[in-house]
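After this come two complexes, each holding chain A, first together with chain B and then together with chain C.
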Partner chain A sequence: MPKCTINGKEIEVPQGTTVIEAFKMLGDDICHYCWHPGLSVAGVCRLCMVHIEGMPKLQIACNTEVRDGMVVTNQTDDVKDTVKWGLDFHLINHPLDCPICDQAGECGLQDQYMKFGKYDPEMAEPKVKKHKVVDLGPTVVLDSERCILCSRCVRFTEEVTETNELGIFNRGDRAEIGTVQGRPLDNNYSLNTVDICPVGALTSKDFRFRQRVWYLKDSESICPGCSTGCNVKVYFNEEGLWRVKPRYNAEVNGHWMCDEGRNTYKYVNAAHRLKKVKAGQSGDWSQEEVFPETMKLGEKFRAAAEKNPESIAVLVTGQYTNEEFKNFFEFVADELKVKNIFHWINNPEKFDDFDGLLLRGDKNPNTYGLKEEMKSRGGFKSLEDLQGKMSQFEWVLVLGPENQSQFPDLKEKVDLLSQAKSVIWLSACETPELDALRAPTHQIPMKTYIEKEGSFTNFKGLVQEFKRGTTVIEDALTLQEVVALLRGHELDYRNRPQPIGGTKKNHFTNVRGQL
Partner chain B sequence: MSFKVKREPVRSSWYLPGILVGLGFTFKKMLQNLFNQKKMVTLNYPEEKYQYGPRFKGNHVLTVKKDGSLRCTACMLCATNCPADCIRITASEHEDPSVEKFPISYEIDILRCVFCGFCEEACPVDAIRMGPEWQTAALNGSEFTYDIRHLAYRPQLKGGVPSVLDDQERHSAGI
Partner chain C sequence: MSKAFELSKEGAELVKKELTRYETKHSAIIPALYQVQKENGWVPPESIEYLAGLMGLPESHINEVFSFYTMFNKVPTGKLHVQVCTNISCSMNGGRELAKKLCERFNVKPGEVSKDGLVTISQVECLGSCDTAPMMQVNDRYIENLDFEKAVQALKEMGAQ
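Take a look at the complex of A and B:
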């Protein structure tokens, strides 16, 4: 374990640690672009310069290993001067079009310039013009002028996805990032290149120009897209959710996440959501208030269960939190003695798939937690039992999927449920497939993963807690609240979390025209 | 608690001379205005309008490029800087890669605007200016929300105010 001194502070680091990693461990500021903790060292940006005692010249911190007794500093005047003019070289051909650049506000180049640069450029030559708005693939757009050739994205496709789509073409100041003809950047991890791009050269087609980043708040959460349970940050403002980005967790996802998981913000937005209880059958729906309607349902449901617990069936998906499952099964299995509990697996044939990096075939975030909860209660009944027996059930309670795009067998299930006498369907989103449901149905609006707190257990049994980020639909319920209402308990709906910016600041603009 | 209010004693009960002096002044001005209208101090308002100086911060104008399209790049710095929160922009992708980003909607709620001019100051491309117009009357409440058509192409602007900064010039100069 070598010991070194960084900016006057002593630190002991593991063998093989580089100087820049030691800086990060200490939390000291160091300027860098090409170095990324999840990628190999390239040493091309020449900005992480440090002064090491005994060395005649400045060294790059990313490619220098810590040795015992090393005395390192980046606070000397010559280091600051080198960084400052190194930055000038980076900006020679950079168009400085921050106003229309999507990265503005979270751009490394902007930050470093404010910290180290602040000079008038010495370059009198005109800037080299390169390609703008290059379509790299279905998800990513490249602006070569903004690129500072740090090669992070190229190394990402080489080392992490091993697809080698990106490369650096041409030489000198005409060098550009690009793809080979006929091989677009099209893999399930392509949007990570946008995250690691330290400037606005790579932008996501999905998020491009839709919001300025300084209007967005973020909240840490867990991706509900599959059973890996990647740690994510969700970005939102009062208009809704805008994007999902990965958050570092060495045990689960490292620095990355898949493109499929980045779509999980879409169904949370109000346009796709169930806002009131929808009651009816065969597509003929009436909207009811959530609290009284659910309580009314609860009375009937409990009466039927007390008469004959066998007349009730429960269909469960692994899309809810551990706490919700615990609460739910305490009510349904322990209190009402319901035995007919079925597990709805969306894709049994692909259930154990794994793409080698992060994405798993099990598209539910909490299948493990669900199975754990049911273990002590004798496990699930097999779904085949349900096939011909549907008409026996008085009530079928479905804990429906939140992310419906991952449930291709939704139609089959609706056909199956049509034979039941009455259905309670809990779902966060509008389900157009339910219009074909012939049984009398109540759809109860549920909260999504960003609107509630709890924990998901991922495929290997790691329990990950997450907090509430925002509220989109105020009246939507968590499973605990549904259970409370079905039990006949009143809920204090005055203290429920409100949507942010519930009344818009410019609310009167809309009203004024009607006055 | 009570206070005693001290009143000034009436200086003179001869009010008639005062009235006559006042009326005399009024009639003098009336005759002056009748026979020498050019020296009149007041304006016949709706027919005549006062022209403020070019630096007056009145109603907003969105400038246009030489081809008549909007100069605005939808960077939203004006909306960010606006203390009254009265600017709303929706950005979109332009077909022309050299333009890239442009506003498909730009709305100013003029009744919220405090005419501070911060939007003008924040704009990096001279896309928004505060013009010399100052009349904000309208018949309907909804007319106080100015959209792109009003801000850039209202009849008073005669086809749009050209911006000092043009993309094509900038590109050919290699900046």
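Take a look at the complex of A and C:
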């Protein structure tokens, strides 16, 4: 293992490590645009310049391997000067329209020219005009003038998705990113190009112009979109969630996530959510307070179970955390001795699919954890047994989905319930399908993955913990809280997490007049 | 969509042979594009799609090469593609004026096809024949040590009106 010295610090690195990787290991700052740890080395931006002792000229750190005894620095004046002028080249035709650019606040170019003081390029020549607001596909917009031609996005479609939609066409200062004959950039991973674009050239249609990034808080989480369990960062403020981005985890998702998973923030926001208990039948609903109503339900539910556990059926989706499942089955299966527990699989035909990159057919984050929890309790009964037998049950309790868009069989399952005598339906979101149900039904508002903490076990058995990010619907319950209320325990509502900012609409409401 | 494009049987054979000649398939892109231009006079967009299929390469890679080089005609040309050099040596010896006067004489704007479909006159960078400046390339032929009369004469001999 070669040893080298970087900015005066000694470090031993594995054979084949590049100088830039050594910088990253040490956490030392180094300017770079084209290098990305998840892609091949291009060496085109020329900004990662370093001085290596014994070499007559500056070298690019991204394409230089560490040799034993190398002494490297990027703190000399000639390095700083070279980077500064390199930056000037990047700015020759760049519009510097940060105030209206969606990348502002998290832009590599902005960071560097603020650092090097290149607020204006020193070229007197008029700037080359290029294509703006290019509709690249269903998810991405391109502003060619902002592009610094680092080729990260091109390498992504070439190396990661192997779809090759993007290319650099034409030459010199007319070179532009594009697709052949304007065909769409349309694959389930296209939004990763927006993440890796170091400038504001590629922006997400879903996110652009909706929030300034410096008004967003973020928190680390796990994507609930499928059983892969990509590590993500969620971004939110007082008004709810705004976007989901991937977080590096070599074991699970590397640097990437799929576009489908990025949509999982949408159902978290208030418009779709259940806010109170909805009680009623045949589409005639009344809104009830969550705590007392659920406790009332619990009394009846427990009484029925004590009389005859066979009068109760439970339908479970893999959408809850390990901790929730454990707690739930301890109550329902161990305490109340309910045996009729069924696994609701949302798309049985595609359940084992895999797209070769990340996305799996099992669109639940915790099927594995659910099955583990049920193993010691004899597993599930087959859903087929339920067909036509619904009327046997006094109560059907459904641990419904929070990510309903991945449940194409929602209506089918609601139809299955049509013969039931009474239904308790847990879900984070409104379920209009339930309007058709004639049985007395209670819809109980649940928390989403961002509003609770716990762990999901992914398809290969990896347990991944996550923390609570924010609270959107205060009254919504976690499954543990539902269990507590059904057991007849009071909840200490004063210590429950509150939404941030209360009723505040926008960050500006508070800082107005102080700017 | 534009109509499908295909090379002649021999053309396609040649492209396939080029594919095996180099370490990477990508090296065969330029000969392939030249073959298209030779058979078709210019490189139409649908030929990129065709080559991608024939060569087993992504369209974007072929398009990158195609759009990088100016030697590939992006639009149809007249029967005689007249490329007048206007780089330094030729310009110093009257290349620019020559190009301008030729356009007037044959009544055609730079880069466009004359009404009779016979000539296209375009200005290009150095063609590596500075010692015989000013010069022009007509299709595959270099015509050197030019003045206006000599250029017109040569073009007329080749069929221009």
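Everything below uses one rule, namely that the second predicted complex is superposed on the first by the 499 of 515 C-alpha atoms of A that agree within 3 Å, B and C clash if a C-alpha of one lies under 4 Å from a C-alpha of the other, contacts with A are read in each partner's own complex, and residues count from 1 in each chain.
Assume a contact is a pair of C-beta atoms (placed from the backbone, for glycine too) under 8 Å apart; a residue touches a chain by one contact, two chains touch by 3 or more.
Computed from a prediction, not measured in an experiment: that's the story for all the values here.
In the superposition on chain A, A:Arg210 contacts chain B only, with no contact to chain C.
By the touch criterion defined above, A:Val133 lies against chain B but remains apart from chain C after alignment on the C-alpha atoms of chain A. Put simply, more of the residues of chain A are touched by B, taking chain B and chain C as the two choices.
By the touch criterion defined above, A:Gln75 reaches neither chain B nor chain C. When the two structures are aligned on the shared chain, A:Ile100 is found in touch with chain B, with no touch to chain C. When the shared chain is aligned, chain C comes close enough to touch A:Thr179, but chain B does not. Residue overlap on chain A between its contacts with chain B in one complex and with chain C in the other: absent. Residues of chain C touching chain A in their complex: 45, 48-49, 58-61, 63-64, 67-69.
Against chain C, in their complex, chain A makes its touches with residues 154, 157-158, 164-171, 179-181. Of all residues in chain A, those touching chain B in their complex are 98-100, 104, 126-127, 129, 132-133, 208-210, 212, 214-215, 505-506, 509, 512-515. Across the complex, chain B meets chain A through its residues 73-77, 80, 85-86, 88, 91-93, 97-98, 100-101, 109, 111-112, 124-125, 140-142, 144-145, 171, 173-175.
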